[in-house]
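This is the structure I want to talk about, given as structure tokens.
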Amino acid sequence: MAKWWDERLPLPRMMHDQFIDFPTPRNLNYLWTFGGILTFCLVAQIVTGIVLAMHYQPSAAEAFNSLDHIRRDVNYGWLIQAMHAVGASMFFIAVYIHIFRGLYYGSYRAPREILWILGVFIFLAMMATAFMGYALPWGQMSFWGVTVITNLFSSLDQVIPGLGTAIVQWLWGGYSVSGTTLNRFFSLHYLLPFVIFGLVILHIWALHVAGQNNPTGIEIKTKSDSLPMYPYAVAKDAVGLFAFVILFAWFVLFLPDYLGHPDNFTEANPLVTPPHIVPEWYFLPFYAILRAIPDKLGGVIAMFASIAILAFIPWLDRSPVRSAKYRPIYKWFFWLFLISCLALGYLGSKPAEGVYVFWARIFTLYYFAHFLIVMPIVSSIETPTKTPRSITEAVLGEDEAAGAGAGVPAGAAAAPEHR
Amino acid sequence: MTADVEDPNRRDVLVVAASAFAAVGTASLIWPFVDQMNPDAGAQALASTEIDISPVAEGQAITVMWRGKPVFIRHRTAEEIEAAKKTPVSDLADPIDRNDNNPGQPATDENRTIAGHEQWLVMVGICTHLGCIPKGQALSDSKGDYGGWFCPCHGSHYDTAGRIRKGPAPRNLQIPPYTFLSDTKIRIG
Amino acid sequence: MNMSHSKSALLRQFASALAAVSFMAAPVMAAEGEEGAHGGGSHHIERQDWSYSGIAGQFDRPQLRRGFQVYKDVCSSCHGLNRVKFRNLVQPGGPEFDEEAVKALAAEWPNQIMDGPNDEGEMFERPAKLSDPIRGPYKNEKEARAAQNGAFPPDLSLITRARGVHNDAAWYIHVPMMLMDVITGYAEGGSDYLYAILTGYEEPPEGFHLAEGMNYNKYFEGNQIAMVQPLPEGGAVEYEENAGAKASLSQNAADVTAFLAWAADPSMDQRKQLGWTALIYLAITTLLLWLAKKRIWARVKH
């Protein structure tokens, strides 16, 4: 059967080569299970989203009512709606872990630049999807979140008078956020996940061309450095995925509202703005950067730049080694960067006043300094600690590694770039 | 392969158990996604409808809505009742009465009406073939070869008791649950 | 469907034991008293012990019934409950009133259902049926404001989910508190807030300027609330003898809050029961998968 297919369309062959026999570094830790977890998140969001779209009414008059109808009357609607809303947060938790893992172990370094940049695009598409999805329940936070964020573009009036206003009205399809805006957001919210899906396929393709990075940051050199994806990596991925689903289920079934905001249980009212408008938690660091800059256009530029800058780090980091494990100075800056991002997230949830603004500026400054100053300078001056000669040596120690190779199970082929 | 290395694809009880557990859980998650497409709690609870039939004169008919479906209410003439009663059950394509108030009986005219109110015929106005709405309610409509209703989609003919006589429809028109609250008022559902 | 009371109490004990052994419990509990406050800049809103608190809590059927009585006798004179249908009062997980009793209640509900047009083309009002919403007294917001001196009594269907308690604690307390809330499954901010408002009426302090037609409430943002104290001291609503509790202000307030919490989240009991099933299943499966993974990896050195 497989042979019959392979002669006509070699899909079984490709799946076998790429997801069963594929050589994975033998030293991957649990942080490497997040790729699989993210694939699960995307599929879960698409499936629950398609179901919700069967019951949702994308109109200003009925959107809020239809959400309530889904939760109260549709069979298991309360479950599927909570899975989708919580799923968005889980998707971001996973993607942030995935990004920071890449940053720590240098997964963005050559030859994985395109892989990394595709990841940045996926992240951007995720943010756009999540933002438009949050508009759909048409609660107070939905409405005012859309108003505030789309108004960011009006800052372009500072560049060419009238340009920003024109763009904002084009986005809205009117002179304010309205049902027209809701309908186009619904359409795009349905479209974008499939764009993400396409990007993910490219991302995985690029990954399988370059091969996986690993905690040592050393490429697979010999057969003994790798293990076949099945059953080794698959078994580990399954553990990671189910552990992650425990967290997912905890929020869906015990705390479905915890990650949201109570104001979104009040229907959108264009005449009343809630006192504290905050975006969803996963946007808070960027929201803090936006508000840290006293200038409207400057804030918008800084916010977009904070994501765009990620695309350039393959060329900002010049260290001779990839993994921060062997970088005694940079390692500390990495943790400082992580703390800055968490702090920005906290500050984004606070009102933009007093001491909060001060700290938001400090951490914003470090956010950019980390990439533009620390990364190039530290990577030039620091002397890495002694790295193992191979992945095998990192796992087994020097003596055993010398004799390894024969004692490794079959199936672990050479790294793909050597084929 | 050297002897001290186990077959990496060896089936192990633990591995089989873990895979089975994971598969069962995943499969059980399918049910909510199937069930969500069933009629929701609001649709299930849809109320009954009460209709005043006093304005319907002999020979006329009205169509009302019940659970999103058209219901035909016909005030039959004496000739129409007579014609329906005369027809032996053995002549019918579907000998069962298709009456929710009185299910599984022979499709006589008596079994398709309520005693004492034989002039009233109450039926779900949906052709049992593929769901079109038959003609025959308006005075100007074609009533088919048997003087009842005629479905123009695929040519099904129903008689004056709503029974299928000719054409592709397999069953008589369905009679919904209904009761007479008074001589001029009925409740459907 | 119904988890028995002893079982749910047991689960709750288990959850609180879990909380107690958690390393964060002690500092956080101390912190709540001192630092936690809500956004109004006025009084700290206390967390109440709800039967439905946390990951094991379930609604208390008699309390939901008493709460509905309070809603019917007091709240419903101004507030609607439009997203809740009479049939919901019968369904499992709610007050579970007898169906015939609810049919009669619906038929006598003072705020009738606008229906029509009839054969003459006119809209008309008719008594409610099981499938109809529990309507409030006003047809729309404009009518409500006209009748209430410009104030709008909001629909209460989602009120406990649409309100919350704002946490203003310092970051080093806030963050562990958040973690603690996730672990214990604290999702009753709306209930705590509502209970506080209902019991927070008092005489304004000296020198406080109260606007015309407003009332002083120590928990309300800005302390001026348009709603007149709905539940007087001693309790506005007397309960029947077998209702399971004696009427008092705090009892009335707690009961109606619990009822509204159910109204906003009618599938909560079912959700948490599924939660326990799912967690037990996931824990076992994850453990099995981990053991299987160890078995598979035992074939190679790593």
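To keep things simple, chains are lettered A, B and C as they appear, and every chain counts its residues starting from 1.
Going forward, a contact is a pair of C-beta atoms (placed from the backbone, for glycine too) under 8 Å apart; a residue touches a chain by one contact, two chains touch by 3 or more.
This one's a predicted model, so the numbers in the text were calculated from it and none came from an experiment.
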Name the chain whose C-alpha centroid is farthest from the C-alpha centroid of chain A. B
Ranking chain pairs by how many C-beta pairs touch, which one is first? A-C
Cα centroid separation between chain A and chain C, in whole Å? 35
Chain B-chain C separation of Cα centroids, rounded to whole Å: 42
Between chain A and chain B, the Cα-mean centres are separated in Å by 51
At least two other chains touched by the same residue of chain A: list those residues. 72, 79, 231-232, 235, 238, 242, 408-409
Considering chain C alone, which of its residues make contact with at least two other chains? 282, 285, 289, 292, 296, 299
Which positions in chain B are in touch with at least two other chains? 5, 8, 15, 18, 22, 41-42
Residue numbers of chain A touching chain C in their complex, please. 26-27, 68, 71-72, 78-79, 82, 227, 231-232, 235-236, 238-239, 242-243, 245-246, 249-250, 253-258, 262-263, 265-266, 275-276, 346, 395-396, 400, 408-409
Give every residue of chain B touching chain C within the complex, in rising order. 5-6, 8, 12, 14-15, 17-19, 21-22, 25, 41-42, 45-47, 52, 55
In the complex of these two chains, what residues of chain C are touching chain B? 85, 87, 91, 119, 129-131, 281-282, 284-285, 288-289, 291-292, 295-296, 299
Once bound in the complex, which stretches of chain A touch chain B? 47, 51, 54-55, 69, 72-77, 79-80, 228, 231-232, 235, 238, 242, 406-411
Per the contact definition, I'd like the list of chain B residues that touch chain A in the complex. 1-2, 4-5, 8-9, 15, 18, 22, 31-33, 35-38, 40-42
